[in-house]
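A, B and C label the chains in the order they appear, each numbered from 1.
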Amino acid sequence: MKKYMLVAKNTWSEMLTYRLNFVMWRVRTVFQFLTVYFLWLAVLPEKARIGDYTQALMLTYILGTSLISSIVFSTRTIDIGEEINEGNLSNFLLRPVNFFLYFVARDAGDKAMNISFAIFELTILFLILKPPFFLQTDLLFILFFIIAIFFAFIMYFFVSVLLGFIGFWSPEVWGPRFIFFILISFFAGGLFPLDILPKTVFKVFELLPFFYFLYFPLKIYLGQVATSQVLVGFLVSSFWVFILYKTVQMVWIKGLRVYTAVGR
Amino acid sequence: MIKKYLRIWFYMSLISFQISLISRFGAVVFTLGKLFRFLFFLLFLFLLSSKIKIVGGYSIWQMIFFFATFNLIDSLTQFALREVYRFRSYVVSGRLDYILVKPVSPLFRLLLGGSDILDIPMILLSIILLVFAAGKISAISVFGVILYTLLVANSFMIAVAFHVFVLGVAVLTTEIDNTIMLYRDIVQMGRIPIDVYKEPLRGLLTFAVPVGIMVTFPAKAIMGILSPLFIILSLLIGIVLMFLSLKFWRFSLRHYSSVGN
Amino acid sequence: MSVISVSNLSKHYEIHKKEPGIAGSLKSLFARKYETIKAVENISFEINEGELVGFIGPNGAGKTTTLKCLSGLLYPTKGRISVLGLTPFDRKKEFLKQISLIMGQKNQLWWDLPAIDTFLLNKEIYEIPNNQYKKILDELSILLEVTDLIKVPVKKLSLGERMKMELIAALLHSPKVLFLDEPTIGLDVVMQKKLREFIREYNKRYKATIILTSHYMGDVEELCKRVIVINSGKIIFDGTISNLVKQYAPYKLITVLFKEYVDPKKISDLGIVKRFVYPQLVLHVKNDKVNDVASDILKNFSVDDLTIEDPQIEDVIREVFHKSNSQ
């Protein structure tokens, strides 16, 4: 256990060493947020509505998804594809370190750093922009929210790991990941709240794992999901987590066979 | 001299093309991704238009025209300056030293050495969308088109100036990936007309980091809503930025420390 | 006629220091301590046309930095450099067209494509006329025995073959001055020998001025009549190898194979004992005492074999550094 704590701590330090790198990354995140924020500010002037969203509600939504994406999307698993390609995977196989736990620990460090900065930035932006903000007080919803976030973590972690596993078979690790990011930008609800989509389209989105990365947790936080819907959502999430877990397991074993056969 | 550089550009593009053929799968996947990105935002604009009539004073087809202009400049820039994205690997592998030691302007090689043919479809797509959207907006004059072309060329020059600046920073600090992505993130704020943003952000985006000049102004010019003062200002800023970035590049070469000592 | 002239060259770097742990990381985010590294400090030398000079020194001594200053990659902090009458850092076309830099284990060839593609690009870059290009390409590929490999993708070649292609790519434009930075690093013994032979041959045939940096003694021994020894950014020796040996290691190695067991006490009088594991003894003996000691041994001991050799260059160099470090 201790070694993984150290891994997390080292990830934190590493991020601070590449300080320019990290600051740039945060600045970029802020700009991405501002783009969406101001877009909606312009689309919805004071009295306008789109669907159920007033300007106030929409801006809260955007702020919320921004914070959540710092939590859910910060990960080191993007390194996996390259590690496999470069043969660094051998280091893991030769040492008493569990590959997955290692990356979970890396993510812990990464997320901790990103969350800290996200809170800091959003607080400042909040003070400057003064958007309306909704503070959830119902403990049940807060509990559901936390559970939803955990589901989001895990699903995203598994998908990202799977994308990295492409490295076992191909040097093309960035292409599919790129497409994945594009899909997220549209399907996860970071650009716009998914419920402004036409009903039938919305129903399809609901079945995809992306739905549960940003949109679902945030709506729970806002208290806009009925308990029954929350439970259905958790059911679908569990289904995805299970499928993804099994897939990761299977691909890992198959991949290792290929990896060791090549004799790196 | 120009002939020599044209020939070299041709050979480098040939090499770049051959290399991209080798990783065809990856190249196709990336192009697909870019296509999706383009389509998704378009879909988003249409989604908006089904619920909202006017955004910040612009009709939906005007919005689409702005988006198409952004895409044109973005994909044109990426096509020409693709090599800049490979810079980091050159520093790490020591290849940069080989580039610096040859009798061809290193800047030329580092900027234009890797034009990727797979970016051309995106350029064409943007042009198609442009023409289509232009047809849906009220009268576009020939003069407007000339102005537009001039300003788009100016925008390309500004983009090159930025990339030169980015290369200068990279030579000094070996940090490039985040700088470039930062540039891309700021420029993509121009997917929508920048007057939609509130001050002081709008001022910053127009003058401090000339996204406004690069992306919004050409479109406004063709729509006939850009004052001549701003047209001249854009061209001036383009020239000044180019000059400054070249100076900075020369400065950064003096402080180059190379790798692997 | 000196082709390379360096006067009082210095190159300093600024690097930052970081303390360990989280506190150190946070501190370095806001306030960094900078330190000046003097990679090269006040060196001067002249090299004439056609010379083959070796720069030797331990890692971090400043050899590569000097070479990079000479090729125009790095801007000197102080001092003046003149190569072929031009200032390297100005990077004039006429200068760049006449020099070539080869760095061991660093490739200028395109990995995925056959070497010929890189050659064609270089032809354009150096503005080599068609017939000259063909002539040199043929000459070099025959000399290096790679004529049927130039159309093979570089990634499919062995390390040795790749190195040969790198050489061709670097020499197509018939440079007058060649900078070789650790050219034999990572190569196997056979390849190293072949490479050295090629460099020697190239120097003879084309009268190119060659500077070679290395920390392999084999490179130096076989190729360079003149060596410049660098340590900690300063030149400690500039001259021929034989002078180097005379100055720093004026002794010979006497290796004795004893027939009968010998009392160690008796050995220590003969000279400096390098190693004594019966039946073999290795002695360092000063040049003027060699004959006496040798005949002493043959007279007083029962000996199977006795050889007298020059000191190993490695040991000589080590001696040079040892002396310069303790100064």
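Just so we're on the same page, contacts are C-beta pairs under 8 Å (C-beta built on N, C-alpha and C of every residue); 3 or more make two chains touch, one makes a residue touch a chain.
Note that the structure is predicted; figures quoted are calculated from it, not measured.
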Among the chains, which is located farthest from chain C on the basis of C-alpha centroids? A
Work out per-chain C-alpha centres and flag the one nearest the whole-protein C-alpha centre. B
Based only on mean CA positions, could you tell me how far chain A sits from chain B in angstrom? 29
Distance from the CA centroid of chain A to that of chain C, rounded to the nearest Å? 52
Chain B and chain C: spacing of chain centres that average the CA atoms, whole Å: 45
Could you pull out which chain B residues touch chain C in their complex? 4, 7-8, 11-12, 15, 18-19, 22, 93-95, 97-98, 100-104, 253-258, 260-261
For chain A, which residues are in contact with chain B within the complex? 20-21, 24-25, 27-28, 31-32, 34-35, 38-39, 41-44, 48, 50-51, 170-172, 174-176, 178-179, 182-183, 185-186, 191-192, 196-197
Residue set of chain B touching chain A in the complex reads 23, 25-26, 29-30, 32-33, 36-37, 40, 43-44, 47-48, 51-52, 55-56, 173, 175, 177-179, 181-182, 185-186, 188-189, 191-192, 196-198, 201
In their shared complex, chain B is touched by residues of chain C numbered 13, 39, 60, 64-65, 68, 71-75, 89, 91, 93, 96-97, 99-101, 103, 106-108, 110, 112-113, 117, 120-122, 124-127
